[in-house]
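Here come two complexes built around chain A, the first alongside chain B, the second alongside chain C.
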Partner chain A sequence: MLTYILRRLLLMVPTLLGITVVVFVVMAAAPGGISALSLVEGQNLEPQTKKALEDYYNRLYGLDQPAPVQYARWLNSISPVGFAQDDTGALTGWPMLKAPDLGISFRYGRPVMDLIAERLPITLLLNVLSIPLIYVIAIAVGVRAATQRGQAFDTQASVVLLGLWSVPTMLAGVLMIGFLASDQFWQWFPTGGLSRRAALDMPFLPQAEVWWALLALLVLVFLFAAAFMVFAARVGRHPRMLAGLLLGAAGGYAMIQDLDALNSLSSLVGGGVFGALLGAFLARSEWLALRLFVFGSAGILSGVAAAGWLMPAPMIPGFLLDRIWHLVLPVICLSYGGLAFLAKLSRSAVLENLTSDYARTARAKGVNERDVLWRHVFRNSLLPLITVSATLLPSLLAGSVIVEAIFSIEGMGRLAVEAVQTRDRELVLSITLISGLLTLVGYLLADLAYAIVDPRVSYD
Partner chain B sequence: MSRHLGWIVSLIVLGVLLLLVMVQVDRQWQRLTGMEDLMREQSQDLRTLRTSLQRLERELAAGDFALGRGERPSADFPAAFERAREATEAPDYAQGDWLVRAFATGLATLTPFVSSDAYAAEVQSYVMESLLQRNPDTLEWEGLLARSWAFSDDGMVLTFRLRPGLRFSDGEALTAHDVAFTFRFVMDERIAAPRSRAYLEKLESVEALDDLTVVFTFAEPYFNALQLAGGLEVLPEHFYSRYLDDPETFNQSRGILLGSGPYRLANPLTWTPDSGRVELERNPRYWGPVDPPFERLVWRVIQNDSARLTTFRNGEIDVYGARPREYARLRDDEALRERAEAHEYMSPTAGYAYVAWNQERDGQPTRFADRRVRLAMSYLTDVARVIDEVMLGYAEPAVSPFSPRSEQHDPQHTPIPYDVERAQALLAEAGYRERNRDGVLVNEAGEPFSFDLVFFQENEDTQRMVLFLRDIYARAGIELRPRPTEWSVMLDLLNRKDFDAITLAWTSGVETDIFQMFHSSQAVAGGDNFINFRHPELDRAIEAARGEVDEEARMALWREAERILYEEQPYTFLMRRQTLAFIDRRIQNLEQTQLGLNLGAIPIEIYVPAERQRYGR
Partner chain C sequence: MTETVRGQSWSQRILSEVALRWGARLGIAWIGLLTLLAVFAPLLANSHPLLVQDADGWHSPMLVHLGPADTTLLGIFFLALLLVLLPGRRLSRFLAWLGGAVAVGILSWTLVSPPSLVVYEQYREAEAAGEYQRVIRAPIPYSAKDYLRDYADTGLESPRASEARMHWFGTDENGADVLSRMIHATRIALSIGFIATGIALAIGVVLGGLMGYFSGIIDIIGMRLVEIFEAIPTLFLLLTFVAFFGRSLYLMMLIIGLTSWSGYARYVRAEFLRLRQQDFVQGAIASGLPLPSILFRHMLPNGMAPILVAASFGVASAILAEATLSFLGLGLVDDPSWGQMLNQAVQSSTFNWWMAAFPGGAIFLTVFAYNLIGEALRDAVDPHVQSGKAKIPAKGTV
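What follows is the complex of A and B.
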């Protein structure tokens, strides 16, 4: 095992070298190329001035040297083993070990490490929230669809998932902002950014003027949610449907009423009917988890509404709630596509194993269906999910270009795109280097995880 | 496992709660530190106040004063503040509220002289001040930090006398030494300000004679000397001088910004671009006689166009700049009209769009080297229809590089009309005519008249305009091949002068210099005369104008230069675009000045009446 890991680690070095060579060549060979000229952005300057500027940038970044020399210089500066260089790029010694240096970004004029350190936490936050969400929902839906193969749930889920998968993030984000963040429709969420200006002056946790208000809120939310969930779990189908019908109708009515433009009788009735149908449909479901989720969220909402009605004074939401509020739309946008894909993947993986010989043997032995599914089949179905998760690590760093751009979040995705657009060579090379490294590490980890999940796989 | 689940969950919840409370306490601590800083600042102010009061008392007791002696700040109200003072006399004038605007791209840095984008310059204009500024009505120079100024007889030495009692926002006094320091600082090779350094190269030295007198010495006579010296934004020496020993920190900084302007960063050192917003607070120690109305100025970074529009509709930002098509559509939008007023105005600094005809390629003169061909192209370019159909009327035809409202422009020169017959006559004279009845113009050798037009691919309006031009040229038998191009590729083409024709726009100022684009000395590699236009008569006119310090005489020379440009048509001048913006209705006293809308005018003239204020404390 150890030799295997070592071998893989050593193999990474030439792969990474290859990646950087390709990126470097592509950037240097692109029309326009990287030259001091593109840094000068030279309009409205006299030629002497422009020349002076070019010389300045050439001196600073060594852009007038032949491309192979530039590449060698860059390689030397990022490598932990190499020559020492002074400011002009002349070699001053051979100290062997030195601190790797990713260089200075052309556009920002600041060390690349600083830029990445500044942007990374934001991207990490988004991904840490959305990745577990994707996995939990995708596995739940996928396994359920596989066990209910060909039945109503399977077809409904596959239609919805296919629909989700085909909606481009760009469109979804713009529509969400247009409908859920605009005062023309429902202004429930902010249009962008990570916190409101006012939230910066707030305390971190929510605060209320009277001491019992927060407690009352928590208790009410808990009570309502618990009551709704118990109802969803214990009660038979018909009373459930009735409750769903009523809740949905109330919700639909309230939503339309919130809308200034459409506040007519017919649309109010329409909203109510649509909500009622949706509520009844969801409440009718045989899937406990879904019911719990739907009724639980309805319970939380009613709890909040009841608390708001009882509360003597409005409370300060605090920085934390404000941040969460800002993250809702971006996280949904970031999740739904991957969710649909993973759910489809896990469905087919589980399905394949459910009909396999070992599952039939287990059933024949008298193992109950639940244990067959989760102890035998599910474990074996994890393999394709692990393969996909190998790309998780680099995506944690890469961020999402589209979501970050739509919701004005200054994360890694935007940094990378700006770097490419402005031909910021140092930044592009560093980002590709790091994400290449993370991809390779991700594949290595995935390969190791195979061995853990599947005893047949061994590297000795 | 499942037996312990309850315990595990409660333990996790407890841990998370503990963590949250810790963060809460940490935030409180930071806030307390901020308050402490504020109190220290205030007590320092109180101390200065007490000292000056004591000195006054001593002088009073000693009877050591006389009326009319010394420089009294109250006696001469600075003319630059006249408009702002008038605004304060409006019946509904009130201080308070915030002005919130949006940037379409993130800022790299706010540090003065290191930053190069227009957004950073906008923020800096509220924090830094210069010696002079232009009066928005008359466009004359007025003293801001400077009280008076005078040229020496040869126009090479410019002496400024500063106002007494100027202060930076940290309470230190602003003196002539700070002005001299600013020049020294920018000219230091280790500071990453090559752009400003190149601009200030015309100055030989800047010296402070005493606390209130500073002398700018020029290396050569320069027509724009007043702008160069009077527009220099003054850095506080006590704050920035440490970066001369540590230039790296300054060059790589994200926002080291401190000045004497009406607003300041809450902390001049700690701004970071990842917060997605820039926020300035009112400078409590502002020296000016009129306090700025807004409590805070906020800029939010919102890159996505539709998100920006929705945010504006929600009332979270106060200004929304629109493109012509969008503007025309939104003007009819009831909901938007209710809360925002549409403004369309011509900024005197609005640049002009043009098509430039390359006259020499690979050492060979091109077909555009012939004046008749260029003139014919101008006759064929139906600018009025381009403005009508592409810009929806939100532009005016450009005649020359000079703004039609400036003295540089001669009203005799009117836009060249669309005239196919004259164009065809001129082209026939130059040897291009239809020879085999296929509607295509060919020269004597039978080669068809066709050329590439290079343009910037990202701009939709330009794209539409190029397609429109292709159609009207095609009708005259000329083939235009559109070549959409990326910005860096375009710069490369310009540098190598490797193109037939290109469409671009130049920005202009109140007084526009055309040396770079049209003087033959600038036709070298890397010069902005990228069309190889050489005209000795024009060269002489430009040189004479640039060396002429007397305004009357200079304007006559500029008009002479314009005549040559008008006759020669090295560019086909297209249009100047209007600025189109929607502005929240609660903002009052918006008006058009000679410098465009006074939204960004400093000292600030706009305000929000008390009952309509949205943000408060």
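What follows is the complex of A and C.
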């Protein structure tokens, strides 16, 4: 195993080299290319000053050198083994080991390392939150679609998932901002950024003026959510539908009432009726997980509402809640596409295993269907899901370019767009290197996880 | 059952099976509608009246202002219509159509030269001045680049906001009619989808075919290349390309094609590795056929099915790629594009819902249509996914 990992890590080096060569060639071959001219362009300067500035940049970044030399110099500076360079770029010696240096960004005038250290955690935070969400929902939907193959749920889910997969991320983001964040419709979420300025001074956790207020809030939310979920799980279909009808009507009414532009009687009634129908439809579902989710969230909302009604004491939301509040829309926007893809994949994986010989054997032994599904079939269906996790990370990274642009989040995606727009050689190459490295490490981890999960696979 | 199927080639069987699925039918219908809109765009949305009658008699400003792209599309469309109606072998008719299309294109680009200075306002002004006795206008009397300079108050305007000018889908930030821009943008969306995927397919098939056929050292080097292109996030590579090479439609097609071939290469390589061992390929090699003949006449048709599936998903993602680039402000500057219109939906904290709903909806429906077709193709090709009501027996029919 160890030799395998070592070999894979060594194989990454030529691939990474190739990636940076491709991107560098694109930059260098472009008309205009990377030159000091593009840096001073657009600034309103006298010709002498412009010339001086150009010379300065040329000296500073070695931009007047031939492209292969520039690339070799960049390679030398990022590699831990190589020549030492002084400030003018002249080679001074061969110290064998030195600190790798990603250089200085042209535009920001700051070390690229610092910029990436600032931005990468934000993008990773978005992705780390999205991946579990994607997997949990995708597996729930996919397994249910597979077990109910050909029935209404399966066909509906397959159309809805394909539709969801086809929704462009920018459309979803724009619609979410427009309807849920702008002041023309429901202003429930912030329009962009990762935290309010005020939240930066707040304590990390929420705080209240009286010590028991938070506890009471938690207890109330827990009680309501638990009561609603028990109701959803235990009660028969008709009372459930009635409850869904009432809850939906109240919710629809409240939503329309929240909106100044639509606050007429007919739209209030319309909202109520639509909410009632939706609530009844969701409550009617035979799918326990969906019911628990719907009733649970309704319970949490009513718990919060009840707490607000009982205790009007002001509360400081705290940094954490504020951050979560800002992350809701971007994370949804980032995850729905992968979710649809993965749900379809898990459906076909489970379907293939449900008809396999070992599943039939287990059924013949008298194992009940639930155990056949979750203990036998599901474990084997995980294999393709693990393989695809490697391709999920790059697609999420690409998705965060769009999501960060829409929600004005200062992450790697924004940095990447800025870098290519300003032709920042050092930054473009470093971002390529880092995202390529992340992708390749993702592939490696997926292969290793594959070997751990499936004992038949061995790399020795 | 077997009798009715006999005489059909495998590809015909796949196509007829695809056409039976309602999803694919809807998708094909939508793409057909878009094609019609793209071909007849100048007749549907145009500031130049179709026909006017003034002191000099009848004339048609629309015809005078047709550009070479318009005439090429119209010519190709009517040629196709004519050839569908004519009898003859399918292949020869297709080749005739291809040749005709090239001829029409060359003729249009050399002969057709519309006036370079276009004044859209002149017709409205002339009509207001009473110079025309009769005017027949297009259903949407605004061109895609008609910024309504004769009105002072142009800008973002919600649908049907003003009585004087009827804009069914509103206007964009420059004052141009959104519906008209959307109709003209179907050309860009469709052509980007087809041509970019065609380029990617060509590169992928050639490289993947060589890798699969020769295997060995060529395969190892080729797979490294594929890996390199897969490890760079496509969107980032696209952004780099577009930011450094400038924004033109043809360049964008080329770039999207150049960045998305790796998937096809993988598929073709896998297919060719499998086919290489089979008798008919060995036979072709033994009879001394030239390499292109072995690769493209004998092997490729047998490995085409999974590639077609990938290609129809690829068209969807090429359209998405163009929309994304335009949305990020790296797309075409003046020409209409759905993504660029979507970009105007949320600006300076006001939400212009019509700029999100209509162009965004068009992108969604088009991508959805291609995905539906791709899904149906995959189900038809994949013998495992024969539905319970499968009409065609899976084995022994070909």
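As a working rule, the second predicted complex is superposed on the first by the 447 of 460 C-alpha atoms of A that agree within 3 Å, B and C clash if a C-alpha of one lies under 4 Å from a C-alpha of the other, contacts with A are read in each partner's own complex, and residues count from 1 in each chain.
As a working rule, a contact is a pair of C-beta atoms (placed from the backbone, for glycine too) under 8 Å apart; a residue touches a chain by one contact, two chains touch by 3 or more.
Just so we're clear, the structure is a prediction, and the values are computed from it rather than from any experiment.
Superposition model on chain A: chain B and chain C are shown in a clashing arrangement. Residue contacts after overlaying the shared chain place A:Leu194 against chain B, while chain C stays out of touching range. Once the two complexes are overlaid on the shared chain, A:Met27 sits against chain C while remaining clear of chain B. In the overlay built on the shared chain, the residue A:Thr432 is in contact with chain C alone; chain B does not reach it. Once the two complexes are overlaid on the shared chain, A:Glu118 sits against chain B while remaining clear of chain C.
Once the two complexes are overlaid on the shared chain, A:Trp165 sits against chain C while remaining clear of chain B. With both structures placed on the common chain, the touch criterion links A:Pro203 to chain B but leaves chain C unconnected. Once the two complexes are overlaid on the shared chain, A:Gln184 sits against chain B and chain C alike. Legend: residue contacts after superposition of the two complexes on their common chain; A:Arg414 is shown touching chain B, with no touch to chain C. Touch criterion met: A:Arg107 reaches chain B, while chain C stays clear of it.
Of all the stretches 347-355, 365-373 or 383-391 given for chain C, the clashing one with respect to chain B is 347-355.
Overlaid on A, the two complexes show chain B and chain C touching the same residues of chain A, namely 31-33, 174, 177-178, 182-184, 191, 405-406, 423. Chain contact summary for the complex, chain B toward chain A: residues 20-21, 23-24, 27-28, 106, 108-109, 114, 116, 192, 194-195, 198-199, 201, 251-252, 254, 272-277, 279, 298, 300-304, 306-307, 310-311, 313-316, 335, 486, 488-492, 495, 506-507, 515-516, 522, 524-528. Of all residues in chain A, those touching chain B in their complex are 31-33, 35, 37-38, 41-54, 56, 104, 107-111, 114, 118-119, 122, 173-174, 177-178, 181-184, 187, 191-194, 197, 203-205, 319-320, 405-410, 414, 418, 423. Chain A contributes residues 14-16, 18-19, 22-23, 26-27, 30-33, 150, 159, 162-163, 165-171, 174-175, 177-179, 182-185, 191, 352, 394, 397-398, 401-402, 405-406, 416-417, 420-421, 423, 428, 431-432, 435-436, 439-440, 443 to its touches with chain C in the complex. Taken in their complex, chain C has these residues touching chain A: 23, 224-225, 227-237, 239-241, 243-246, 316, 320, 323-324, 327-328, 330, 339, 342-343, 345-346, 349-351, 353, 356, 360-361, 363-364, 367-368, 371-372, 375, 384, 387-388.
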